[in-house]
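Heads up, there are several structures right after this.
Both complexes below contain chain A, partnered by chain B and then by chain C.
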Partner chain A sequence: MTVSFFVVLLLSVIRLSTPMFIAGLGNMYCERVGILNLGAEGMMVSGAFAAVLGSYYTGNPWIGVFCGMVGGLVAGALHALICVEFGGLHAISGLGITMLFNGVTKFLCLSIFGSTFTPNVAALQTTKILQGVPVLGKYLGALSPLVYLGGLIAVISYFVIFRTPYGLRVQMVGDDPRTVETAGINVWKMRYSGVLICGLLCGIAGAYMSLGQLDRFFEGMIAGKGMLAVIAVKMGKWEPKGILGTALLLGFFDAVQLQLQINGIIGIPPEMLQLLPYVAGIAVLSLQTGATRLAALDTQYLRNKYKF
Partner chain B sequence: MKINALKLRLKDALVPLILILIAFLFSAIWISFMGKSPLEAYRALFAGAFGSTSGVVNTVKKSVPIAFASFAVIVSTKANVFNIGAEGQLAMGAFGATMAGIFLKGLPAAVHIPAAILAAALGGMAFALVPALLRVKRGINLLVVLLLMNNIARFLLQFFVLDAFASDNALVPSTDRIMESARLPYLIGPPYRLTIAVLIVLAVAIVLELFFRRSTAGYEMRAVGLSPEAARYAGIDINKYMLLGLLLSGALAGVGGGLEILGNHHRLYIDFSPGYGYDGIPIALLSGGSPLISILGSLLFGALRTGSLNMQAKVGISDEIISVIQGSLILCIAANYFVKYLLNRRRSGKAGKEAGQ
Partner chain C sequence: MVYAVEMRGITKRFPAVLANDHIDIAIKAGTVHAIIGENGAGKSTLMNILYGLHKPDEGEILINGQKQAFGSATDAIDCGIGMVHQHFMLVPRLTVADNVVLGKEPRKGLLYDRKAAIAKVAEVCSRHNIQVDPAKKVADISLGMQQRVEIVKTLYRGAEIIILDEPTAVLTPQEIDDLGEILRQLKEGGKTIIIITHKLEEVMDFSDDISVLRGGKHIATLRKAETDIPELTRLMVGRDVQLGGRKESAPGKEEALRLTDIVYAAAGRQILKSISLVLHKGEVLGLAGIDGSGQTQLAEIVAGVLTPSGGSVVYHSRDITGKTVAQRKKEGIGFIAQDRQKHGLVMDFSIAENLVLGFQRRPEYCQYKIAVNSKAVISDAQKRIREYDIRTPGEQVRVSMLSGGNQQKVVVAREMGSRPQLIVADQPTRGVDVGAIEAIHNILINHRNKGGSVLLVSLELDELMMLSDRIAVFFDGRLMGILDSATATREQIGMMMVGSSLEGKEGPAS
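Here is the complex of A and B:
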């Protein structure tokens, strides 16, 4: 157990918790405007695949990330259309988003590349600029630029939610949409914005998983990370700091199982080790106490013209 | 989590058909996006599923685990919970049946087969126990846990098939074959190989219909599903029925997976289920809570899964398009309020015109 072991573990924790963290921030907006999002997984899959497609066809990973954002946004727009406009059932819509985009990406992957994984594409696994920083450069440069982007999004989100009029409205819509409407605020516009921001951020999280951690897309690569993001939001009490903490905790379990797999220290088969983050996620969720503070979460708020 | 919203009340028989049609149209967009003709693709799909005797038999065969998955979802929604973990429970049921099939030795078939089916039910039930207890004791969001449990089931299945019970002499990674005495007898022998699993599906559907319509427990469970508040007021133990509903649901999904092994594969391998557990969800929601009607839906999905192979061979469309149809169907179900609104507007519009004349 040397210092370098802990540094490797720390870097690994940061790498693995980033997607849950970014997607979790997205879900924070979504749940705060009152829309339950079980489709985070599907939005991430969409983003991950679109990012690889973008990078594959242009050779520029940043265009890939942009495509990933669009991919997530498309999935988010679908969820918004069903839940905000059509007064649909959030849980079923989320489930449908996840299943649809798992299917669509696998279908497209098979149709375009002829297999369930894509070829290697230009990726964003390291940050070259930071390698010049004295002492820490070696470690800072070993992380994807999207990790830093995630940190930036967190800081911005904190200010947006707690310091801007928009953020205060977001908080109110999740609590009591009727009163908010009475105050002259367009509830549907607020709800749309929350779900779309969520789609965008989930797209970035997906792009990070396919271009930041790896350099390709393969079927089933998100594997429950979106669900863990949903848990991180609930456990993190819908606040950026809490979400960061929970994401790091879940990332820690993922990093530990990965290190155990690589080092093969104990004779546990790899499949059993891979269970660890999921079991940790369920344990974390079951430790949560207290009722939901968001009174309007998972409720329909219909426009008058759709009522009958 | 609002389960009340899950009671979709699709009394209008037209609505499910419209939703299915929209899902097919939406998937047609993806097919033409790949430069293929959707019409040709769907024709190949239909021909593959119903064009030959073996096609029809395969459709019926594949509908068995799907029907059990839909029973599982139906039973859970009756008890005011939504079991989207059927895929994981199905896998664990298949594992239970495989274990009973391999390690119970020297039993006559009349004992061995029921024992293996019981093991399948217990496997599925055990896997539903953890989320059920967490829901009842801790009040956690069941859907999140069930989706994670599906991921866990995949890794467990890999562990069983690749590590713990891996067979030494198999081309694809799998367990050993189950005993002859545990294999389901044929209704129609080779080359079609249709087993008595079909009869079991019908029997279970009838028993479930009777359970909900005639028994006190079934009545109380339905009461919990229809209105938890009213049920609580009437002195019904809601938590008991949630627990019971989820466990029964897990057992049904497990039996579906078990029959798949005992009847068709005779050994467990990782990809034995292409997503039967997920197929059950849209079917259950569209069937309006009736197990007998859900058999029709299962035949539809069985046909899709059978025909898609033909479509892949003839037209060159990946059979993954089934997941696209499935996903868009679920989205349509989520938005069913809007479809009903449109239908209602058309009807009231017509009525208004007639009244005006």
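Here is the complex of A and C:
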């Protein structure tokens, strides 16, 4: 229980929170254009499985990550089609996508590999080039390059949302699509873009879980991380900084839970301990009152529906 | 001469409605042109066509003599047309500058240049002499300011023709004056301004030319100097209008309502400070005051929506202070709430359903004690739609589809339908057209003539003076005095509304 313990804990927190904040950033785009996304989990599952497939067939994990992005994008496109194009109910569509991709990936996994586990594939668990860094190299190199990619995405997202014209429009669509339309901006394009970016980022988050943390895909491996990402977005008030902080907090509880399990310090059943991050999420969310809300979140916007 | 806008033979059909029927309107450049008509006369449709939000079925539009076909609002904006919608198109969370530049953001490389946005908006404001702080959040500025932001938004986009849809509906009298000043300056700057409205006083204040629409048809275009309000009203409604109803008898002497030392505080602020007054049978008591002086709260206390912090409400010699709204309804108190869309109606319900709301437990609407007797509800609704002249295709239409005046008639029909003794009416004619105002005035006065009592809150002094027998004037939660409306003057009331009390007349008169 010395310095090394804390370093291990810190690395563990970073590793565990990465998928939540990458998916959370994706969800931020999605919710900011007014589309609720309970399908983040499904998009991550799709991304995780597609990434493993890509790596399995090409032997190159980066191609795997690319495939993961495509996998997330496919799920995102489906959500966009239902919610943006046809004005479907967001919550139903999202939950449907989560169930659909849990099922589809299991089906494909069984039919390709004959098992609910895939074989081990080339992965991205460590960052070789950072291992040469003096003193910290040992720790920096022990993290997946996708962790750094995630950090980069957070910084870029901050600039995109708060410093670009596109970001200004994204902020407005989430509050009042009619205003945006009367300013001569295509609301549908904005909404599509937000949902598709979300699919893409959730795909990366899924790829991180299958190739960055592990080197394979198995059924149920996302284990609610997508749902925690949805919570992280609300707790983080739709801002990259807040989402990052919340994801780290949830990751911390996850890491503590894992440590307690591994060390077997107290005689609590592991299932109880696994509840920890989720309970923490619910607790923080319920303490947060009067949070700012996006006025147009979870609404339908269909052309010609409104009388101006 | 070349007109800024010429619309020829514009026809627009909606399912079951001919909204615009071969309308020809020409608007001279550099003038303020008002388009007036009752709710549903087709003025908004016509302007939405001009702004590219609707496509006309027939007809053509010429801008500065050039024929144009607008596919979307963007086309109209590119042609120099700007529109200020009745419900502002602003995002409260963001700053004035952000809202103004949306869609045409200044850039620095890939990034949005917020400093340039603020500078540009400030420049537009100073060029047209409009006072707005571009760095403030929209949520932090008043409605009058927000409207200026909307005007600045059109100017930023280079609008030469600015359409304002019911611009004064949400403004205070002072803000209306300021708006008039802004419009005058814009006109001097060469802009063409089109105002859609049904308020005739401001038409006479603001405009040079006036076009009247009725039932989707263009009735007349007049110069302001050559017309007056009675003529415009006649053209708008299609007949002579008698506002205010006719009082047939003197008010009664019997007490209907007695308020004693009513105190109301909310959020640590004293909103009503010891109010005592009496309302008789067969009397209309008007409550005057600047918006927010406490008169609305007093009305809501009588209706039972608010519970007073102190004092008593006695109705027909029974203390009803602690009674609920439902109990008061049974006792015969009807309430016309100020915000009909929020508190008066369920917008997604049909007219028939709204007409029984609050009375659904009455035996005539019930079946086997628990179920609603829909046949009775529907036949009753049909009867009342005829009786109160609610203009609708049928009783199953959702109230959200009705115009403001007809929505208000639904509220009035419901509250009157229970044959109340006391009507509490909080701004019953707010935002409704003159035809509906006339109808509502007649209903209230008839109620009074039959011996009923009315507690009337209104921000329109003319309305109060026409309808009331006595006027109680409020200032900052205090009752400044009660005047007899037959002898009171506008100046007297106006002085008391801003806090100078009347010598010798202060306190409850009875």
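By definition in this document, the second predicted complex is superposed on the first by the 302 of 308 C-alpha atoms of A that agree within 3 Å, B and C clash if a C-alpha of one lies under 4 Å from a C-alpha of the other, contacts with A are read in each partner's own complex, and residues count from 1 in each chain.
We adopt the following convention: a contact is a pair of C-beta atoms (placed from the backbone, for glycine too) under 8 Å apart; a residue touches a chain by one contact, two chains touch by 3 or more.
As the structure is a prediction and not an experimental result, all values here were calculated from the model.
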> Should the superposition on chain A be reported as showing a clash between chain B and chain C, or a fit?
Replying inline: fit
> With both structures placed on chain A, which of the two partners, chain B or chain C, ends up touching more residues of chain A?
Replying inline: B
> Of the partners chain B and chain C, which touch A:T299 in the superposed model: first, second, both, neither?
Replying inline: first
>> Under the stated touch criterion, which partner chain does A:G224 make contact with: chain B (first), chain C (second), both, or neither?
In response: first
> Which partner does A:G184 contact after superposing on A: first (chain B), second (chain C), both, neither?
Replying inline: second
> After lining up the shared chain so the two structures overlap, which partner does A:L275 touch, if you call chain B first and chain C second: first, second, both or neither?
Replying inline: first
> Where does A:Q257 make contact in the superposed view: on chain B (first), on chain C (second), on both, or on neither?
Replying inline: neither
> Regarding the shared-chain residue A:S17, is it in contact with chain B (first), chain C (second), both, or neither?
Replying inline: neither
>> So in the superposed three-chain picture, is A:F101 touching just chain B, just chain C, both, or none of them (first/second/both/neither)?
In response: first
>> Students often get this wrong, so check: with C-alpha centres, what angle lies at chain A between chain B and chain C, to the nearest 10 degrees?
In response: 80
> Of the two partner chains, chain B (first) and chain C (second), which one does A:D176 touch, if any: first, second, both, or neither?
Replying inline: second
> Of all C-alpha distances between chain B and chain C after superposition, which is the least, in Å?
Replying inline: 6
>> Just to be sure I follow: which residues of chain A are touched by chain B in one complex and then by chain C in the other one?
In response: 308
>> Help me check something: in the complex, which residues belonging to chain B touch chain A?
In response: 1-2, 5-6, 8, 30, 34, 82, 84, 130, 134, 138, 140-141, 143-145, 147-149, 151-152, 155-156, 158-159, 162-164, 278, 281, 285, 317-318, 320-324, 326-331, 333-338, 341, 344-345, 348
>> Give the list of chain A residues in touch with chain B in this complex.
In response: 36, 38, 41, 78, 81-83, 85-93, 95-104, 106-107, 110-111, 223-224, 227-228, 230-231, 234, 269, 271-272, 274-275, 278-279, 281-282, 285-286, 288, 298-300, 306, 308
>> Show me the residue ranges of chain A that touch chain C in the complex, using the header's touch definition.
In response: 159, 163-165, 167-169, 171-172, 175-176, 178-185, 292, 308
>> Taking the touch rule as given, give the residues of chain C at its contact with chain A in the complex, in rising order.
In response: 44, 48, 53, 72-74, 77, 83, 85, 89-94, 98-99, 101-103, 105, 107, 110-112, 114, 153
